[in-house]
Amino acid sequence: MKHAATRIGFLALLAGAALAPRLSAQEQFIPMPSYRVGPYAAGGTGVFGGFIDYLDMLNLRDKGINGVKLTWEECETEYKNDRGVECYERLKGKGPTGAAVFNFLSTGITYAVIERATADKIPVVSIGYGRTDASDGRVFPYVFPLITNYWSQNTAKIRFIGMKEGGMDKLKGKKIVNLHHGSAYGKETIPVLDLQAKKYGFTVTHIEVAHPGNEQESQWLQIRQLKPDWVILRGWGVMNPVALKTAAKVGYPRDHIIGVWWSGAEEDVEPAGEAAIGYIAAGFHPSGTDFPVMKEVQKYVYSGGHKGNLEDLSRFGKTYYNRGIITGIINTEAIRTAQAKFGKKPLTGEQVRWGLENLNIDDKRLKELGAVGLLQPVKASCKDHEGGGAIKFQQWDGKKWNVITDWIPSDQSIVRPMIEESAAAYAREKGITPRDCSKE
Amino acid sequence: MIYREAGQFQTTYSGDMRIFPIRQDRIAAGLLLGIAFLVVPFVGNDYWFGAILIPFLILSLAALGLNLLTGYAGQISLGSAAFMAVGAFAAFNLMLRVQGLSVLLAFAGAGLVAAGVGLVFGLPSLRIKGFYLAVTSLAAQFSIEWVLTRFPWFTNHNPSGVISAQKIVILGLRFDTPVRRYLLTLAIVALLALAAKNLVRSRVGRAWMAVRDMDVAAEVIGIPMLRTKLTAFAVSSFYCGVAGALWAFAYLGTVEPQAFDLNRSFQILFMIIIGGMGSILGSFLGAAFIVLLPILLNVATHALLPASVSGSLTSNLELIVFGGLIVFFLALEPHGLARLWQIGKEKLRLWPFPH
Amino acid sequence: MERSERIGDVILSVEGVSLSFGGVRALDDVSLEVREREICAVIGPNGAGKSSLLNVVNAVYRPQKGVVRFLFKGVERRPTHPQAAARLGIARTFQNIALFKGMSALDNLMTGRYLKMHSTLLEQALYWGRGQREEIRHRRKVEEVIDFLQIEAIRKTPVGRLPYGLQKRVELGRALAAEPRLLLLDEPMAGMNLEEKQDMCRFILDVNDQFDTTIVLIEHDMAVVMDISDRVAVLDYGRKIADGPPDDVRGNPKVIEAYLGVAS
Amino acid sequence: MDWSFFVEVLVGGLLAGVMYSLVALGFVLIYKASGVFNFAQGAMVFAAALVFARLREKGVGLLPAALLTLALLVAFAFGVEKLVLRPLVNQPPIALFMATIGLAFLIEGIAQGVLGAQVHSLDIGVSDVPIQVRGIAISKFDLFSAGVAAILVAALALFFSRTRTGRALRAVADDHQAALAVGIPLQRIWAIVWSVAGFVALVAGVLWGCRIGVQFSLTFLALKALPVLILGGFESIPGAIVGGLIVGASEKLAEVYLGPRIGSGLENWFPYVLAVVFLLVRPEGLFGERRIERV
């Protein structure tokens, strides 16, 4: 166990350690409020590992962004809201121009900092999590749930099921079970599902799994009684492998279980072993290493004696790691966009916000980035802070995830009104007057 | 200034029954409050107010509440966070549904609602004793959390079950900056701490301790068991409820029921054990230890360790050192930091003469 | 001689009380009358049911048979609960000290006055006006007891740290703080050295004639019992085998056989 | 009502309950002998499983891996006794309880720091397929776990009644003087108890690890053990088993038959409410010995 050895070495090294280097003027500071301990450490280490490695790659390959070196500092949040807020406050002022943009990888923390960040004029990016109705940029100028949010995902998922059934009209009379985690996150898609159930005439049963969900005997026995055509797995951490194992136990076909993207990482299926084979999960990006950008990271960060952020190289190209890579792409592209307007220098959060709002990663740009197929085209606007919304579905074969669909677009005709209604309610609650985007 | 009580004689009972009979203590306490109210607001910054002091004060308040119940009345509870949740959601709904209600009244209301719930879960305490009583508080912990997520009414039908607290405005004064919220929190916590101190040095406080130390003897003296225990539960829950309301309104701004999960309850319990059972001061020391130390360690590791050291390692180092320190301090003084402080003072009193 | 004149009417009458735990009989048809201002001693070998008798008197135990009646100023009361007994003005000490270990001697005594204090929770929280005045007023009362028992020096000491003899004294103080009409003392001198015993005897007698307190005490030390008590009741295996002035009891053959015989 | 379904839920619950009991056992052992509520038991389960899993990944055989892990746990137990229990001997139990909390942080930190935070799968060659018994599907793995639990309890029973050390442990549970009379120093006994608890943690960790993967969430199992302990009484091994069965069965039945009516997800609190009701009737727990208050 080589890593173990080096780690133990470091444990000893604590006492006589050197001081971290100071920041210089031509640097853009990006805070890293990560979590590397506790129940969700697998996700935290993976995503922030990819995020940091991508920034590292940019620094090594082309001296940062247009010559502006990227710097960052980690702060352990332990996935707790109060620790997250502390990290936010601690890091927001770092660097010559302050924090450029925050990514918390936690819905709870994102919620907790929205008002602070808006007051401090620092954008908060939440890719695939966070406050869904923040997609309405008129009410939430500083919050960017980019690429896709839970509700969009859910509509895409119903579309996928429709495809499988051979047309949306075939959904009529079908039975779907929504097996969700017993938390705010878990309950979030209940309204959008009910809405679609009405629209397409299928019945949906919501079954809750109490946190942490390491025992699901009763839920799956219920499911077996219901004999649903499909089960949507809105899981979290340990709940996912347990769900698959228990499904196998009661003999429910795994290829009719469709997970959300927080149930779609290797960490979610590997512990289930055999039981996970055939299971389908949504994702706004695939796993795997055969994308030019991954090769670049491999080349610059993990060769020539340079050590990347991953301790366990086998995680390179895994789902969480790739999610970190695209997080890196989105953030840095926003900074690049902003630099085009404000000049090639370290930028303030407010300037980066403009960059995010005018972010436009088209197919051409994707090709340049070497991320075709890894990332969908993203175009944000003052009105729409989501800017994507399409989903790919992948199936687990026992070894790896195989993408089984192309990008399946979400049904904004359902999602958008819900978002605007919810955002408007928030605006009323807070006395916010939404921006007029025609003036932006 | 040397710490001496020589030459100080109490000539009146009222003098002898003051919170700080010794002059130096009075001066020290006065100074501390003076600094907290008059100096800190000018020297502190947003980080200190918004991320360190406010949560520290709020959790101290919660710890104080639990200490009244567990430390003084001897009724163990693992559900303090649930009562914080009740407070937070009660305050939110009061503000939401009662037109033009003053925030302070909403906080008081939140405390009372929590006290009411606390009473209910306190009832079994007459029959169930010792560690077994923990189960009732655990029942409270989980069922309350469940109820708050189960019924959307409590969150005003927010799709993600999160409440975002209303603005704090008192007599037209907006508490929208960290420093103002800090002062508000400090004022509330200081007042409630004083009230707690008064309670534990009067009749009801003595009754609590009597029940804790020797319930049969207490009964023979004429102390009504159920009423005394229930008072403890109610008062304790009141404190936790106000703390929860502050957590939502003065600190985070938005909270979900999961913010008050079992871990929070345990965190608060740790505070009073490390700080000192049956000690007002201990509640604050304990909160400082449990809240501030991990942050301090996090800052320290990032300052000391070279950037090359992996984040995972530093994060785990923090855990290890934190755990180690807990064990170390307990080995040093099993009765908590407050006792350590007290012993230190007694030593200082006798200094330089050992006997 | 004028002691006998001080002694008034019956204020406590235990009538045909039987008590048993499971199969074990602790008290078997015991009757006892105690008169106002009397010092009545209950003696008997270990396990004779002495403590049980006291526990029945202040309603810690409920007897299966018989009644316990109090006649204060002609009004009859039958307390069914220790608190009720306390409200009637019955205070007691315990065989193995039952002080509130975590509190100072002073607070233990203040706790003794619980029933005499009435300020509301809010008044106590504010510690202002009535709340504070009440505390001070009762502190004054308690200080009288402290002076009486000569424990000024240990006022603020946590009772856990006190030596055994002093703890016994503080426990007596806690009982006295309640200004009881009837004081039940369960082996107040057990495990004391000679001078501690003498002090305790003096306190008991002083309490009796300064505060007119009626006293029922359990004691092993014959000498003590014989010279402080007006009347002695003897229990043996849960039954009362003798009751009367010390000298009669001393002469009673049953007692000598059952108890003193064993002792000497 | 569908009886075969009811039976299925019941059986599933009982088997789940056995899994809870496995975790609860560790608590009972330590509480019995040292009167400490060991908050670190969950962390021990996690750490044991993690070490075992990593060894397996390195290609170490089942038995050697188990033995190596066990050796580590024993060393740990002796370390704990020396560094944590001894300084706190004769201190209020609450202080010891808190110390074990510090211990939990230590274990979690070291385990994750040295062995990483990834999720590991674990397979000991027992597949988790259902077998049909009179039309009722029962998981093979669950039956296996139940068997292991039974053997474990039997082994512990023998250990406590037959061996000299075991009897000494029982003596300690009753009173410490007696233990000294038996002639085994208290320190040794505590170290041994913690080792045994470590062994139980390993068994629980491996079985649970196979079920849900070896990951941090294993520490949460302590929560499931709590109501079991409270129902069964902290000092009783049979209590832990029976308590587990009651909790498992009741929560499953509640979830299936109550859930649809008053809302699902009540599994988490139902056992506690049950325990409260139960304790109101019998305050000393299922197997805890009744204490008479002497005045």
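When the chains are written out, they are named A, B, C and D in that same order, and each has its own residue count from 1.
In the analysis below, a contact is a pair of C-beta atoms (placed from the backbone, for glycine too) under 8 Å apart; a residue touches a chain by one contact, two chains touch by 3 or more.
As the structure is a computational prediction, the values presented were derived from the model and not from experiment.
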*Which chains lie in contact with each of chain C and chain D?*
B
*Have a look at B-C versus A-D and report the one with more C-beta pairs in contact.*
A-D
*What is the chain whose Cα centre is as far as it gets from that of chain D?*
C
*Roughly how many whole angstrom separate the Cα centroids of chain A and chain D?*
36
*Centre to centre, by mean C-alpha position, how many angstrom separate chain A and chain C?*
74
_Rounded to a whole Å, what is the gap between the Cα centroids of chain B and chain C?_
41
*Compute the distance, rounded to whole Å, between the mean C-alpha positions of chain B and chain D.*
32
*Residues of chain B that touch two or more other chains: which are they?*
146, 149, 216, 312-313, 316-320
*Which chain C residues sit where two or more other chains touch them?*
60, 94, 98
*Numbers and ranges of chain A residues touching at least 2 other chains*: 7, 11, 36-37, 41, 45, 182, 210-211, 311
*asked:* Help me check something: in the complex, which residues belonging to chain A touch chain B?
replied: 7, 10-11, 13-14, 17-21, 32, 34-37, 41, 45, 48, 73-76, 78, 81-83, 85-86, 88-90, 93, 107-108, 111-112, 114-116, 131-133, 182-185, 187-188, 190-191, 210-211, 307, 309, 311, 422, 426, 429-431
*Which residues of chain B touch chain D in the complex?*
124, 127-129, 131-132, 134-136, 138-139, 141-143, 145-146, 149-150, 216, 262, 266, 270, 273-274, 277, 312-313, 316-320, 322-327, 330-331, 334-335
*Mind pulling up the chain B residues that touch chain A in the complex?*
46-47, 50-52, 55, 146, 149, 159-162, 164, 166-167, 251-259, 261, 294-295, 298-299, 301-320
*Can you check the complex and tell me which residues of chain D touch chain B?*
37, 83-84, 87-88, 91-92, 94-95, 97-99, 101-110, 112-113, 116-117, 223, 226-227, 230, 234, 263, 265-266, 268-269, 272-273, 275-276, 279-280, 283-285, 293, 295
*Would you pull the chain A residues touching chain D in the complex into a rising list?*
1, 3-4, 7-8, 11, 36-39, 41-42, 44-45, 182, 206-212, 214-215, 217-219, 221-222, 225, 237-238, 241-242, 245, 248-251, 267, 270-275, 311-312, 315
